[in-house]
Every structure is written in structure tokens, then in C-alpha cells.
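We just call them A, B, C and D in the order they show up, numbering each chain from 1.
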Amino acid sequence: MSIRVGVVGISGFGGGEAMRLIASHPSFELVYAAGEGSAGSRLADRFSGVPARLAELVIQKWDPATLPKLDVLFASLPTGASAEALARVPREVKIVDIGGDHRYVEGWVYGLADVWPSQIEGQLRIANPGCFPVATLNALAPLLVDKLIEPANIVIDAKTGISGAGRGGADSKFGYAETNENLVPYGLLKHVHMPEIAKTIEQLSGGSAAGLVFTPHLVPMTRGVLVTAYCRGRATTEQCLDAARRFYAGRALVRVTDKPPQTKWATGSSLAFVSYAADPECNLVIAMGVVDNLGKGAAGQAVQNANLICGLPETAGLNGVPVWP
Amino acid sequence: MSIRVGVVGISGFGGGEAMRLIASHPSFELVYAAGEGSAGSRLADRFSGVPARLAELVIQKWDPATLPKLDVLFASLPTGASAEALARVPREVKIVDIGGDHRYVEGWVYGLADVWPSQIEGQLRIANPGCFPVATLNALAPLLVDKLIEPANIVIDAKTGISGAGRGGADSKFGYAETNENLVPYGLLKHVHMPEIAKTIEQLSGGSAAGLVFTPHLVPMTRGVLVTAYCRGRATTEQCLDAARRFYAGRALVRVTDKPPQTKWATGSSLAFVSYAADPECNLVIAMGVVDNLGKGAAGQAVQNANLICGLPETAGLNGVPVWP
Amino acid sequence: MSIRVGVVGISGFGGGEAMRLIASHPSFELVYAAGEGSAGSRLADRFSGVPARLAELVIQKWDPATLPKLDVLFASLPTGASAEALARVPREVKIVDIGGDHRYVEGWVYGLADVWPSQIEGQLRIANPGCFPVATLNALAPLLVDKLIEPANIVIDAKTGISGAGRGGADSKFGYAETNENLVPYGLLKHVHMPEIAKTIEQLSGGSAAGLVFTPHLVPMTRGVLVTAYCRGRATTEQCLDAARRFYAGRALVRVTDKPPQTKWATGSSLAFVSYAADPECNLVIAMGVVDNLGKGAAGQAVQNANLICGLPETAGLNGVPVWP
Amino acid sequence: MSIRVGVVGISGFGGGEAMRLIASHPSFELVYAAGEGSAGSRLADRFSGVPARLAELVIQKWDPATLPKLDVLFASLPTGASAEALARVPREVKIVDIGGDHRYVEGWVYGLADVWPSQIEGQLRIANPGCFPVATLNALAPLLVDKLIEPANIVIDAKTGISGAGRGGADSKFGYAETNENLVPYGLLKHVHMPEIAKTIEQLSGGSAAGLVFTPHLVPMTRGVLVTAYCRGRATTEQCLDAARRFYAGRALVRVTDKPPQTKWATGSSLAFVSYAADPECNLVIAMGVVDNLGKGAAGQAVQNANLICGLPETAGLNGVPVWP
């Protein structure tokens, strides 16, 4: 069975990664690609390595009125750019929105695929979590559900590779020379990802209010997100690891590890890694989460969500081993 | 049909990449892994992201006497370390030697898979080309066969990422701090890859003697090889591109491009890119070749060769789109 | 006036940086260099760019019994390797120990040069702070002295470039291919730098007990330390900045900035950057500190300390503008 | 004696590096800075680490009509942007043009400072060589003067860090994510630096016509240029090294080395490194040159030229040891 899929926002990093994963997917067939910067080009002009059967696909100007017949549409548009247009997509076309416009919006399911897959199965509108949120929430979920940490007091120190900050663009803020060998904190006390993290924490902890500090840092690497979260709790390291092993039993795309996870473990894959270090005497639990920001943090989880809404195995097209080194 | 394969040298970068490609291969089943540094470990202990079905495979101490029943063995051992041991592998086990010991050795076919695939089909012993040679020879082959350049006068300026120089090891020659932001020429006038390049050039040009200069450089990046070869000839750029398009017609894993190829186009894939720039008035042809040194430059071409000797489609397991960015 | 100085441990990154700074110092003359790995070499054999007047200096095997007449000795030896030998250096030779053996040891002054310069002036034995401690303590000192934060509850999320982890060595733990594009947390709940941080915090806060969490991360860059410290307190951002501006008034080598500091701002220099972001309603103060781990975090502060003990201007030889980009 | 200097183009990498070197210069006082993007800012707003005495200098909009009294003006403007404006600078203000507009233009001396310093002393208008040319010409000059190579047949394979390609800018061509882990050949058969190389080769070889191939490559590093030049000649390696040692005797800022030079040897300095490998039987001489593209390749040589035209020691302000690692 071939499922007809499209990608809008293919010029961006998230859309390009969706194309890459779809190209290797056993059931998805890419029949539509749209993008601002690249409309009119053949797919092979933008992505030197696409296989022959996709090379001649012409990238369209994005317009919901001219969509071909599609089963699934992946949208990877800048925040603010997708709400209006996606509302005009026919209801029967399933949508996974990788962008930020539909997270915790009515009519859309927040697609935290490793945490609540059964809420996603069979849905038509999925809002894919951001890269920082999924790294954070996959690490915290088992602790919150088992009440091993206090939701009211969580310090999240987050680190991302540069592709997590988007495709550069006109202001050259992420030019190579200024970015390499440089580590940069930003967005202090006001990062855009906090609301979806807070709302999910409150759901997972049965309604308790979340109290969060969130500080992102830009790391001189292309891909990868690591979240180091400092929580209050009296559990031991082993209790935290056990909680996570139970929580993720049967979930193929999360790995619970007793060593601190490294970002490169996930590169090019849709895996998430979680680990813990706790000191009960100090009332301290450190939770760590790693994802590839373009994999589990964007396109990888989008394909995982598309698998779930299409009734496919969750891991279809996502079994690739990470690229190392 | 499942083909039983093994990898020896799994602790090294080449062996690890072979494992990665085998794990996604539709017909290969990894049933044996051996390695010096990692014997006794589970595969999941060394490679955090392997899928569950491979996680418990225990890495063996390498010993040809204790091989399980295998159809294909991939060997990725340091130069000098494989000749004696591989001679003790039962004849019916097909071998692809990624290491350097059997190139242009009697009884072994030099596995330049994109150039002479029909010589490889059905063979039992394949010597996989080195990463510099395959990048060079894939670029030069069409020109040599069409006699567009003189084999006697070729200057090869070669550049490699650090993983092409092997896994570091005891002398910390490639420590991060000394290597990042550093570009290093090495091995002037004496690089080990010259003989296999020279012999292949002579074959392709019908016996004319090759005259080569070969200068490798270490580039501060993990993966990737680019060869810039300066040749004598009166062809135009378009004639060179045409020669390559004809030569590689029907070969899915070589891309002829009219833009200078970039190493990152190939990352994580088994593709080779070739391009040309010529100035007939100056009697000059510049031929460029790009590969991922661990992909087409090692494990990718090894799987391609294994496909050919097993009667599978050349591209089985190798259709993945390169990782970008 | 020329002050005769020596460096032991010149093969390491810290010792090499000390040599680099001494070579440009207006009053210091390098008359002695010793190192394990490089004994017998000329300085120019190890450091390609030394000026002619230093090129022929022969690196000695380290032995306190054969020291020439020296005014100041810089010691940059691995932890555990300096205590015994430095005890045999004549008392009148001033010592700045860049290594970790003498921090908070009797008879040695902890050389936190920007915080308590007057305690350092004229002393004979200085224990130079570690790179994480100086980045942390320079940021926290003004807040502690003004009682704007609680010493009992400080979460320190620390990030360092690879040279901060030492010169590679036999196990190739920091090989380029494994380290680039990789972010690695390590030493959870047990990092070696905690005691000197805790003791200094207690001093600065008038004896209150320090309660610390300290988590270091390896960042894929060569130089640079950034510390992000999460503290409890009711001050505003502006109050924190003001406290720091007052505290560091007249101190040329600390910069108080209202933007989050970036590691590259300090590269190659002996500067420290501190900044703050606070949310009084959340009882939260985030303090940030940046240093070059080999500059202010090692050799730069060592020269600053040597200036202080020799009665020179604190900034002698340290006025260089950081290297950018 | 204080010499009053100005820098126009301070927002660019070359202008910024000129500022950095001037700030440490014993005789130069920076009294004027101009720049497009940064006019109106204080110097400290753009360069976090400038010393206090320069912090308050306000960057001007560039206009030759409003220059203060100056002894020397450093101009670092994009190609095409400086000719008209510099013509309006009063004749008595000495100018060193780091940009490309005045190379081999009448009334301007081509400032190849290590090769013909006596032609530069006391001049008023100096055109600073480009970064590729100086790396190439410093390596070739001794061979050309001693007629050890044929000027008519030189293949130059050149590699540069990203800052050599300028400050990014609107098209994000050098965004971090696309540039890291990527090696890119460009400008084949038509690079802009060829004319100044050809003209200088012809001068150095007594009028013989130069025959050049020049191929630049972008390397994923911030600073550094390495040129590998393949020449025809019958000299031995030792004869080439000897020629260079004689040619550069007494020149403090060129190092002749018998090991292949690495780009990081020069980082942050105004040094050039040259080396050679020759095979007389193959009629082959490989000449290698390394510079920091912002040091000897731009601002470093500009200061060296300014020293020469002001009657100062060539090395004034340029004795800094390169930054390593």
C-alpha cells in the first residue's frame, strides 16, 4: 500500500529532513513538495543526493488551493506562517504540523509520540512538539507520572545545535565564522518553548502547576539537543532509571541509559535518549534528554506521528542506526 | 531470503559503518561481529542506537577458526593485519576486505564497483578500494577510457576528513584541540594509496604508464573526501561531463554534476559525485570527485560489492538520502 | 627591569599558553622551560611561532634541583604531580601553581585575582583557581558579598571547550571524530572543582554553608568556559548588574555586560565576562560567567597573579584584545 | 612618539583585526574608526574586549571629507568600494589599502612586505596583497628568484577558512549548518586573485610569462590559508629550503620549515610559513605556504606595511606568538 504524502516548507531544514525520511519510508510516496525559496526547482537541484525516482519532482509554490490528492501533509513553516493556510487544507488530508502554530490549539493533538501514542493513533491533525520540549518532556514524563519530582520547581538548562535555530537567512546571525568556537546563551527568562512544556508537565502530573526556568544555549555544532533539567525529589538514580524503563517498555524509539547521553548518539535518527542522576540527600534529581533536533525534535517525530495516524508500525521508516562518527 | 553476514573490525570507524548499513539492509542479517577493543561487549554497549534485534549480539574476539556459518564476511582491519587471518576463512564464505591488504593481490578482485561492476558479480574475494582511490578513480575513469586526458601527467590534490585517518588511538595525533581549525598537509611524495591508483589508471587507459603526484591533506571535519585532480587534455568541460554521463549511465550511485561537488552532499551515503572544469587552450582538465570516506570510501562500497557478489541489486540497502545539513 | 621566569609543564596546554603570554610580557623574561614530553627539544621545535630570541631555549627535564636562578616559576602540572616537587623549590622563588594541588592548602593563597587582589600582592605561593571555579566565582562574588543570593542553593550548569579537559593523551577520549558535533555531560554529582567553589562561596558570604549542584558539559570547541548558575534571590537584573559594576570598578580584566556573554568574546585573552538575568517574582537569579579556560581560566590569571606578587600593574602583558572571529 | 591611525571598514573581519593589532601596537594610537554597519556605536559595543582607553571611541560614518588629522589610514572595504573615496584622502595621510582596488594600480606600491620591504619603506600609498596571493608568493618567491621552477607552469591548489570569504551577509551562503563539516571548491578557472599573482611572478622571474591554474577551496574553519603549489623544476627539497632560508634571512615574519606547515601554526599572528617537497626525477617541486588570512593575509601585513612606511621596525606590534591550540 502506498500512502501519498506531501511536504510544505521543503527549503527549510525541517522540511528537508522530512523529505529525507520519506524517501526511505516503506509505505510513503512523496508526490508533492512546496517551498518559498525553491519553487520551480527540481528536487534534485536542491538535494544533490535524492534517488532517481524523486529527482524530477518539481517544487511548487505553496498554495492549499492547488494541492494534489494527498493522504498526509507535513508542514514545516515558520511560526505564524501556517495557521491560516493549513485551515484551508481539506479536512480528510491528515496533517502533521512540524511548525509551532498548532501546539495546544483546539482541534489539534499535541503529538508527543513516545509519551501518549494512543492519543495520536487515527487522528487527523497533529501538532508536532518543538525540539527542546520533546527532549525535556521525554526525560521528565516518567518522573512526573510516578511523582518522583515536584512539577513546581524545575530548572531546564537546554543546549542546541545551530540548525535548531533555523536556516540562517538574511541577517547572517549564524554565520560560520562568528558561530564556530562560540557558545551563546540566549532568550533568558522568555523562551518561546516554555508554554508547551508547562502545559504538558501539568497534564502529566495530574494538574499540578508547573514552575519552570528555561535557558537555551547555542552550541557550535549542526545537529543535536541536550537538556539538563534540575528537579527537586527524593528518588535515587536507580529509581528514576527504573521508572523510565517501565514507562518506555515497548517504545522502540526511546533509549533509557545509565550513562549521561551524548548528542551524537542520536545524529540522523529519530531516537531519544534519557538518563538520570539523583542525590536523595540533596533533594535533587537531574534528568537528561538527548535528541537530534531535526530527527525526534522535528521530522523524525513527525514521521512517527504520521505512522501512528495512518495505522502503520510506529517505527516504519525510522529504524536507521544513527550516523557515527 | 536472508543472507548471513559478519563484520570483523567492528570497533573501527569502517567496521561500525558496515554494521550501520547492514542493520538497514533488506537482505542481510548480522549474525557475527568481532573486534579487538570491544570483544565481550554487547553491540548496544558500543553503539547506543542499534535496533533491539541487534542489541544483544555479543562482540567476539576475532578468530577465523570460530566463525559461525556465514555467507559474507566484511573485514575492516588495519593494513597488515588481515592477510594471514583471512586466508584461513573457508573459501565458500564470500569476503569483502575493506582494509588495504588485498588490493591488486592475486585471487582478489579490486572492487571498483561503479567502474567495473560486471567484474565483481559472483566473485568470492573482493578488495575494497581505499577512500582516496575511489574518489580519484571514479572522477578519472570516464576521461581515461575516452582518452581525454594523459595518464602520464596527473596532479592529485586530495583532502580528507579526520575519520579517514582512522580512530585516533594511543598517540592522540588527532585530538580535537589540535585538529579543529587546522588544515594539515601530510605524506608528501609517498602516500600509501598511490599504487592502487596508478595500477587502475594503467588498466583504464589500456596500459599506458601513469605519472602521478599525490598530496593528501587533513581537513577539520569528520567525514568526507574531495579530490581535485589536475590533468593535461584538450577536452572542454562539456565534453568531460558528457563522457561521465555516458560512462555512468545506469549507475545509481554516481552523480555527475556541473557544479563543483561539496563533501557534505555525500555524508552518510554511498554516493560518489564527480565533476569537471576544463580549459582546452591551457591544455587543462580539472576532475573532481567527492565521497563520504566511510560510505563510498569504505563500508558503503563494501556493501555495494557484497550486493554484486550475492546477485542482489547494486543499491540494496544503499538508497538512503545523504544527511543534510 | 627584567624578571626571570620559568615554566614547568610546557608541553601541556596551560604551560604553552603561559609561554605565549610571557613572550609578549614587557617585564618577564623566559629563562627556563621544562616538560615531560618535550625535554631536549628547542622551544621552536614545539611552538612553530615563537620569536627568534626564544627559539633556541632548550626544554629541560623537570627537576627542582637543577633550576636556574628564577624570580617566578609557573607550574602547570597534572593534579597530583606538583605537590612534592614544588616543595623542593627554594622559598624565595615565587610560584604560581596553575595545577590543582595547592588550592586551599595551607601556606598557599587562593589566587582569585579579580576578587581579592590585595590578598595576593606580595605573596610567594599562589594557587591559581581552576577554569570552572573562576568563571563561576567571578559571576557569583558580587551577589554573595551583597547578599543578593542564597549560598545554600546554587545550581551550576557548566560548559567547557575540549582544551579544558587536557591534552588528549593515551586513550584518545577526545579524538576529533568522536568529539566534533558532540555535546557530552560528564562527572555528574562529583566534579573535582566543587570544593574550591564551595569554600570560596563560604568565604564570600561570611561563613554561610554553600549548597551546590555542579554539572560540567564538554562542548565541541577548543577554548572557552561558560557557567550558567541558577540561584535563589529577590534582586532584579539591574540590581545584580549594579552590584557587579560596583564590585569590579577599577578591575580592568572583568567586564560586566547586560547581554548574555559568549565564550568567543574572551578567546585568547585574560578577560572574564559576567552577566545576570533575574526574576524577583520567581525568586530567581541567573548568573553567567565566561572565560577562556586557558586565559583567565589558567595561564592568563596566572600571569595576572604573577604581576600582583611582583608589584607590577595587574594588566602587564594582558592587554591584548581577544581574537575575533 | 605616537602615530595617529584610523581604520575604515571596522565592521568587517579585516578592519576588526586591524583594530585588534593597533590596540596592542607600541607606537600607533587609534583615533578614528569608520564602518557602514556600525556607525554611531561605541567601539566597545562592537568589540566586547577592547581596553578601556578605546571603549568610548565612536564609530563614524565613512566620509573622507570629515577625517580627523591622521598619520596612517587603514582601509578595509569591499572590492570596488574604495577607489573613489580613497582618492579624496589628503595626500599626506599614508594609506594601506587592505581591500583589492589598488593592487598593481599606478601610484600604489604592491605591499608584499616580506619579499620587497625596501620598495615599501617611506611610501605613501600601499596596496596590501590578498590572502591567497601572499601565501602563494611568499612560498614561490625564493624559487622564482633562484630560477628553481618554471613560471610558465604552476598549479595552485588553495584552501581558505571561511572568514577569508568575508563576513557572511545577506545571502547566508556561509551559514554554520551548511558550512561545518563541508569542504567546497569554488571559482574554478576564474578566481579574482590570479592577476596579482601572475604579475608578481613575472616580476620575480625577470619578466618570464606566468602560466597559472588557481583553484580555491572553502575549508570548515574560521581562519587560515594553505596553498599547495605544484611546479616544474629539477631542484631537491633541500635546495628549495636553502633558497628560502637565504631569501628570508633577517626577515622575522617568515618561517622556513622542513615539515609541511599547518594553518593553525599561524592563527592570530602575522607570520607566514613556507616549506617544500621536491622530486627532481619527476621534475616536480611542491611549494607550500601558510598564513592566517586575517593576519599576514590582511591586517597583519597591513600593520607590517605601515611600520615600513613609518620608519618603524617591521615587527612593531607583531611579535605575538600564535594562539595554540
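Methods note: a residue touches a chain if its C-beta (ideal position, glycine included) is under 8 Å from a C-beta of that chain, and two chains touch if they have at least 3 such contacts.
Computed from a predicted model, the values in this text were never measured in an experiment.
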{"item": "Partner chains that subunit A and subunit C have in common", "value": "B, D"}
{"item": "Label of the chain whose CA centroid is most distant from the centroid of subunit A", "value": "D"}
{"item": "Interchain centroid distance [CA atoms averaged], subunit B/subunit D, Å", "value": "38"}
{"item": "Distance between the centres, which are taken as Cα means, of subunit D and subunit C, whole angstrom", "value": "34"}
{"item": "Computed distance of Cα centres, subunit C from subunit B, in Å", "value": "45"}
{"item": "For subunit C, residues that touch 2 or more chains besides their own", "value": "13, 161, 163, 177-178, 180-181, 220-223, 261, 267, 325"}
{"item": "Residues on subunit D engaged by subunit A in the complex (per definition of touch)", "value": "13, 161-163, 167-170, 172, 174-181, 220-222"}
{"item": "Complex contact set, residues of subunit D against subunit C", "value": "13, 16, 19-20, 23-24, 47-52, 163, 180-181, 222-223, 252, 255, 257, 261, 265-269, 271, 273, 319-325"}
{"item": "Partner subunit B, residues of subunit D touching it in the complex", "value": "155, 157, 159, 161, 177-178, 180-186, 188-189, 211, 213, 215, 217, 219-224, 226, 228, 230, 260-264, 267, 277, 279, 282, 284, 286, 288, 325"}
